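Please find the structures below.
You will see two complexes here that share chain A, one where it goes with chain B and one where it goes with chain C.
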Partner chain A sequence: MSRLLEVENLRVYFNTYAGQVKAVRGVSFGVEKGETLAMVGESGCGKSVTAKALMRLFERTSGEILPESKITFDGVDVMSLDKKALHAFRGTQIGMIFQDPMTSLDPTMSVGKQVGECLMIHEGIPMKEAVQRAVELLRMVEIPNPEERVKAYPHQLSGGMRQRIVIATALACHPKLLIADEPTTALDVTIQAQVLDLLRDLKERLGTAIILVTHDLGIVADFADRIQVMYAGMIVEEGTKQEIFKECDHPYTWALLRSIPAEGASKKQLYSLKGTPPDLLLDQKGCPFASRCEYCMPVCREYQPDFTQKSGTHRVACWLQHEKAPRVERPVGAGGEIR
Partner chain B sequence: MKKYVLKRILYMLFVLLVVTTITYFLMHCIPGDPLTALVQKLPEQTKANYYAKYGLDKPVWEQFLLFLKGIFTEGTLGESIRYPGRQVLDVLKKYSVSSGQIGVTAVAIGFLLGIMLGVVSALKRNKLPDKLISLIAILGVSIPVFVVASVLQFVFTVKIPILPTMGWGSPKHMVLPILCMSLSPLATYTRYMRSSVLDVVNQDYITMAEAKGMSFGMIVRRHILRNSILPSLTILGPNVADVFCGSFIIESIFSIPGLGGYYITAVTDRDFPMIIGSTMFYTGIYILALLIVDILYVVIDPRIRLSETK
Partner chain C sequence: MSETTLLQVEELKQYFPIGKNRVVKAVDGISFSIRRGETFGLVGESGCGKSTTGRSVLGITKPTSGRILYDGEDIASFTKAQRMKFKKSAQMIFQDPYACLDPRMTISSIIKEGMEVHFRYSKKEADDRVRDLLDKVGLTEDYASRFPHELSGGQRQRIGIARALAVEPEFIVCDEPIAALDVSIQAQVVNLLMKVQEERGHAYLFISHDLSMVRHISDYIGVMYLGSLVETAVRDEIYSHPLHPYTKALFSAIPKPDPDMNWAKTRIHLEGEVPSPINTPEGCKFCARCPHATEQCRRETPQLRDMGAGHRVACHRIEEL
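Right after this comes the complex of A and B.
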């Protein structure tokens, strides 16, 4: 079966005064229809940039997707779309939810119109009708009293409500893939749970595939089908939820799992990974994680490791997988269990 | 909303009264009065007769009360002392028309064009169009209007004689003054708009609009303009008030019968009724413009509330 999304060798560079920031350095992955893929990694590892690249959202920034990158969505070569086709593609094929619902809605436009805009552009219906349809969409994202709320302005709604509006907007034209870029980071914990429940519910009802970008492994645990761990603009490990949480093989994934606070262990100090990620301005020689890795070997600093295919779905880029490497015991911390 | 506007209008009347009062007493503090030059060589008795005729022999506060009485009972702002027979109200009515015509057109052109150039400048940031527009904006702000006026006169009446040098009466006469007067507002609005558009363009909701699949032109029209126009609107109010009262310099260069000239000569002549009349007119338009801008704010940005009550 052909995949819904196929990304090959995606590279995104930003031209800045300081030089070229190589934010995403050759990322390849795919998403099946109806599946939820989580992209996990710390701040600045390129996960949001990867997500934005899928819709080529860099037109007015200094960002540039390098020509050797290949993005195929449902048989369509995204990189070769012209302006008009790209506009038609966005919103209808892929929808996007942004991090901060406080800033991702236009403060001067009623939310009904903002949701309706999508329908207006892509289905060519007048605004009035689009707002009518927006009522249904608001009902779908479980906003109480949607007939009244369509007329509200963003500042009259709470953060959770606004994020629901953003979700409704993203889903207005029934995209096949929904990119959720840290959808709950800016929300408080109880609202986070509500929004996640809603997303899960919508996914089941609509059959939309989801790419969930997050740094919160807690969310990933009960949400994603597959997980892809990113570090310094590259994928270091990829596998099913089970494989990442129970059988992961990359030292960075280990560190991520160990730093999840475990239940009942609140008095113990949390594990923290020493050091900082490499400067993305510089060219990377060897494994990007080498400088922070406690298992670092001489080869790690010289050559980039290739992916080792552990199973049909599980792959990992680490020299420890090499047959000549020393065997290392997987250190599973208290928080490393699937909760 | 209605209640608020009503309240604001009451406040405005109060402000008008305060400004009038202060101006009235201030202008009586200036040395000399409208008759000083006129009566210098006349005998004492004639002098006294003159002063008595215009009520200038009475104490200032009594004159002020009489002036107020005139407004409320007869609806008149009095008569010019230097040019007997000229009703202040008539002068205002007659000459504000030409000033207003030129001024409002100039500001309208400056505003619309400035907004457009500002948007283009911001969206083409650091590229050639931006640099060209910035150059125009800097020139517009820094070159004095009389230099621009002279250059324009030279070019369009001497070198390429298609427009009249000066005078008033036909649409052709209005072209050069309007061009001169719109330059400075144009530059100001361009700069304000450029910086606020730059601010708005980087907002998340613009990226979100892009992700919805809107074309960029549509995003500009539906999201960017509305969110970035407020600063420009803030200066539009005072600007409109200014132009109504005419520009002394432009009017004298192009010999336009406008209010600006009257305002200035009234002050140098110490023509009390004219001074106070023009001041009231200016103040009135100014506060009216502010009210309109405040109402426009609310129309444009729903986060702004007019009244302090919820």
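Right after this comes the complex of A and C.
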């Protein structure tokens, strides 16, 4: 199998005082070697939880990955790894970039030690050598004057610099997959553009596969190869970038694309989805999007739709695809077309 | 000054001293005006002084120098009665809908608080007003007895808007009102802001770093960089013909939701980051990152110059570029 990552029926539930929050409800997808998969959706749709579950990062929290979930990474069954093997797996196979670079760096540790830390742990090299390697890594992420910067502490660096440090740390052990969870949300637009350029460049040079978690469709259009749209803990549509932006078939994807303000059409009311996403504490009957969907049919409230395969790469979970469903024209976006 | 001008800011400077001989020049001499019923969008990267400007024009912080004229009167020389009137007339909507509502007050008492100061309503009138306002912002009257923690982010921001509207203001400062919200909720809140403006005709100072939303809501736009206003123009003009090198770079850095566009190739690559606002030197604030900077840019601070049709730019080399 050439697939780097294969996820089947992933379910992640959180036990809280209010009850069981079913954050991810049966998600199946895969990532090829070297490709960029974007997960898009609103907050609380389970995109971050899905990404974190790939490394089983919920072991010590109230979160629980249900036993029927299957995660296969490069031929290894991640769910069956014991504690020690999991530790090594997390360090060397998958790198992670978090949203907020200030909270993901240790404020009491110099940058060089932080970047070198995982080299010391996973490759067993002494600290001096690790810091030397850290200088090279900082150079790789285009931090000016890396020999001096390794001695700096996170508070002495700007947001963009910190995110570069986080990227260097994530890439230190040459992971095959990089999970970037909203990597540029906390950054300004010009800095965001710099960080995205860097990620693109590194991806091409190192051939790392990337899972990009974001809600910004602009970044997705620029950066991703394939897109996976999530809603209320489920994948509703998946396809290549072209398929999602031009030939998407799920009403939620339509709504996402239509809610982007069109250039030129100002002072008009923006397209907005009515209502709010469903409560993840509750069990869902039918399609998760039914309550907000303009095209909702009686069947949508009763039964969950299966995926309809539109092409080799494009699949959509919607009852409108059923042969007996009324034919619905794809609505035009705010700019006069789906952009 | 024309009759329709509601707010006029003249050479506003807001410095914050931080220890010996060190001054943060958060806002360094900016001038603009807002007409009645108009939306002025203030954009720029974090730390450029947009929020400080918003706070200064409401008199929350006392400017280091410069004048702020509201309805033709300097807000610094207001009498107590005038100040009271000004506070009723100018309101603010905050960025973080979680922090700006008192968690121990019910929604109805949050909305009523301003009304009780400025109007003499009976209890019934006040309750009716709260109901009207909740209705206006798209919530049902059941929400009146709830507490902020029972509401989602978008609903809280609606409460923030209802609270601002409660005193019937003419001018509202919106400080990043949508930054903390989800994409689909952002559209709802922006639609609401535009709807109430249409009904009531108040003016907005809309502060945001979301350039596409600012474009959508504003009539007039000002771009700030490190405490200075580098370019102001009518919305369509500034988006179609940005003149200042920073504006050009900023606009080109917005990722476009178009899968066919090779954004990485077409955008203007801007090196480096925004310098520190502490003790900024003379000269153009942008010169350290500007690809066109000359000796003159490092020496002299450029002033805003009118390039025709109200399009004002602060750049020495604008004619050559």
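To be clear about the criterion, the second predicted complex is superposed on the first by the 328 of 339 C-alpha atoms of A that agree within 3 Å, B and C clash if a C-alpha of one lies under 4 Å from a C-alpha of the other, contacts with A are read in each partner's own complex, and residues count from 1 in each chain.
What we mean here is this: contacts are C-beta pairs under 8 Å (C-beta built on N, C-alpha and C of every residue); 3 or more make two chains touch, one makes a residue touch a chain.
Computed from a predicted structure; not experimentally measured.
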Compare chain B and chain C by how many residues of chain A each one touches, and report the one with more. C
After the superposition on A, what does A:246 contact: first (chain B), second (chain C), both or neither? second
Tell me which partner A:259 touches in the superposition: chain B (first), chain C (second), both or neither. second
Quick check on the superposed pair: does A:218 touch chain B, chain C, both, or neither? Answer first, second, both or neither. second
Does the superposition put A:273 against chain B (first), chain C (second), both, or neither? second
Per the definitions at the top, what is the overlap between the chain A residues touching chain B and those touching chain C? none
Seen from chain A, its contact residues with chain C in the complex are 42-43, 158, 160-161, 188-194, 196-197, 200, 215-222, 241-242, 245-246, 255-257, 259-261, 263-264, 266-267, 269-273, 276, 339
For a test of understanding, state which residues of chain A touch chain B in their complex under the given definition. 55, 57, 59-60, 83, 87-92, 95-96, 98-100, 103-110, 117-118, 121-122, 153, 155, 166, 169-170, 173
Within the complex, chain A is touched by chain C residues 45-46, 152, 154, 182-188, 190-191, 194-195, 209, 211-213, 215-219, 235-236, 239, 249-250, 253-259, 261, 263-264, 267, 269-270, 273-274
Spell out the residues on chain B that touch chain A in their complex, using ranges where they run on. 123, 201, 203-205, 207-216, 218, 222-223, 226-227, 300-303
